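Mind having a look at this structure? Questions to follow.
The chains carry the letters A, B, C and D, assigned in the order they are written, with residues numbered from 1 in each.
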């Protein structure tokens, strides 16, 4: 019965398993639920209160986000008649596909990357930088004054953080000499963080800016423009909008672990022999811890003003990424690694 | 969708799809899942009507933390399913309450908080007061002026039980 | 009205000036950063051109109702003006009534009134700092300030029996005497509060991110503050040393030394720091009150002897005042009375005109937030749109008291 | 007031009495009856003496006498002057009450005059924007704080003398 074998082999092949199951869609969904719950629990713990609890009384309210998500599923889906109907519905779906595409490039074990091409790093960054365009479309299509303000802010912010993001990533690829994520990990005897700390810091902060987490929570700034581009969205489409930021954060933290924290480095040999797909456990653990730290910032900071954030983006982190570029060029020449 | 050639076919498809989902949602497993989800994610819209807002904020403050019930005050009416009328509803605020209620998506509930929201309270004979029950379908009334945060929590629990048992669709 | 709100949905360019166009935004009654009012904000790009505060959403017609009810009923009615700072509202009203009835409260009652006024001032300042925190999406400051406010609400509940609506002072004195063990409870709360104020400074006011949002934003010059008759911490943050507690003699402020904190910069950070300073001052005032509290009756002799003898002993023994029958239809002698008091938000002003009947002929109250509303018209223009919540939060504006 | 009057108070009293304004002294409040015409001069004099803002403008509707009395309370922030309030009392007819606006002298009178106009119908000429402040925009009834605007009353306590 080769059909069943064929299907199993197909499912287990890197092209299907990595993007769908391990660092891809299913784990992203689980990470989405747990990270948002962890964010509310950590913030609650700092703020002397309990946070979501009675959803699953004994597990500390883990399924809170599941409850919120399914509630969105069953809510009435309103398309305001002043809104432009087709782009109003299509824009969030476009944003979601763009947010899921990076998992097609992210490897999870040495020989196990869905698309093993020498240019996976720029491909991932290109896909992630396309998301603001669809958020812009969302804000424009719902024809509401606050959402137009939100869309304009998203445009400003995306310019502010993408340039440092790209330059610090490119400076690391210069250091390693390759553009493909898989080879980057193999080349990392010392974690990238120690080699070029400036690039690591700029990448981290522009990652926070791109995911719209505090203190750069400017796009859906509740206190000024109600919910930014997502004002008019109800039901599951708003669920997608809200999950978008966390999906982007998850993809970027995976890339951050691969570039700077030497990916799946302490490779558990026996897991690799059984099945390479699940060998990248440490990649996932490091990325998850990084996300917990970023999510913890929510209870520490307020919100920067739009012009302050842009000033930081352009004056501080753009310069820092240029410095990191020069540093990695110097390192490359000296160490000729 | 308004594509021209498939108009006849699409028209019936959309309408039958809607009927199918309505039938599917009423089946017990999906229905209980929906009721469980709505029970634990009652998000009130950020709409302080009058001075009971102080006790409503105290209800979600650390001591009487209402987020234990999944009760997260959210900012836009589109994403919420609970409108808490906190205190006296003046004429001007009444119109705003009506607009906010209409903007909220379908499974939505209204809680009237405070003696003023029940029947005018201390301002029963004022010329600028509207009773919430005249303009909004109110589910629960919370007595007290202002009601203690425990009373707000009690109202949330009662609404959760009502939604969990699924009686909210009969009305 | 509905026609106006439909504009809310459709985007409408007000008028075009050359290439720029003024963009009108309704920060309406339902908005995370507007409270119970609507601001019609006109923006040019990111700069605010003009803000028109449209108040009146919580106009519960207090003055009209006070004219229709007996004088004693005006106390619980007017308490709902500022429910988070209710005793400072009623202490001014009761002082005005006492000036009309010329009933002199015993010194112990004055001290008890000052005690509850200061507890309410701390609670009101914490409420203001919490709202200022959530305006910058700093949810930790909101939760910490509201959590610590519960400490003071519980203290007030021990003293008067109600969380917010105490109705503590009545013409001629106060309703309850000091419960036992109040001093130790207060000492515990004061130590906790002093420790927490350092935490607030660390997480919020000295946090470089919040400091960059607050410093140099919403600067209110001294002359501007005097001209627009601003009151409360907003005035003292602009360098004017004025406090109604020194201007009008109510409560025991004459026998206590306390210093009025004043800052010169006049921006949002100065306003917040003045509030933190005032909390410290209130703590020291309460300590002095609890030390110097004289013993004696808590209700004026003039009304005490109207009680039948048996209830009079019970009142003196238990310290719980029973209102004499005459209070139901207390005849206010014809005349006028004026009283001022310092609330958390500023100075409240009462003017009672009575024509000898049981109901006041005219009761005029001007609340501090009504005098601060004009700041929304003068401060934001010229700032960026994202400065608006920072300015709104730092002004500690409470709409129900402004709309009366 | 500790018996002897401070110097600035005596000057104010002398300056204002030239304008033919009746003065009397209550508990730390200087009361004045001012005719509507000489309202602005009195205000100018007070501003020179540091009374640079208004605590309140309150209207009183004497329906029996057929007049609406508008009372201005001037207040000062200076340490020695903050103890005393100065009360300017003017009376206008009930049918079409008209008063000169003091917005250019006391800027914070803007909102106070708007409220008095809305509640009593007293028109202040010269006030830049006399429009609805507290009442709903579609309010068609008469000014509510007037005595003839009845509010339904249910006395819970029976009146007994």
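Basically, contacts are C-beta pairs under 8 Å (C-beta built on N, C-alpha and C of every residue); 3 or more make two chains touch, one makes a residue touch a chain.
Every value quoted in this text rests on a predicted model; they were computed, and no experiment measured them.
Distance from the centre of chain D peaks at A, each centre being the average of the chain's Cα atoms. Per-chain CA centroids place chain A at a distance of 33 Å from chain B. The distance from the centre of chain A to the centre of chain C, with each centre set as the mean of the Cα atoms, comes to 46 Å. Spacing of chain C relative to chain D, judged by their CA centroids, is 24 angstrom. Contact with two or more other chains is made by residues 135-137, 144, 149, 151, 153 of chain D. Contact with two or more other chains is made by residues 47-49, 222, 226 of chain A. Annotation for chain C: residues 1, 31-32, 56, 59, 61, 64-65, 68, 143-144, 147 touch two or more other chains. Two chains count as a pair here when they touch; such pairs are A-B, A-C, B-C, B-D, C-D. Contacts from chain D toward chain B in the complex involve residues 135-137, 141, 144, 149, 151-154. Listing the residues of chain B that touch chain D in their complex gives 90-92, 95, 125-128. For chain C in complex with chain B, the touching residues are 1-2, 5, 28-32, 35-36, 56-61, 64-65, 68, 76-77, 80, 82-84, 127, 130, 142-144, 146-147, 149-150, 153, 163-165, 400.
If you check the complex, the residues on chain D that touch chain C are 26-27, 29, 52-56, 58, 60-61, 71, 73, 75, 77, 79, 82-83, 85, 87, 106-108, 110-112, 119, 132-138, 144-145, 149, 151, 153, 157, 159-161.
For chain A in complex with chain C, the touching residues are 43, 46-49, 80, 82, 143-146, 148-149, 214-215, 217-218, 221-224, 226, 298-308.
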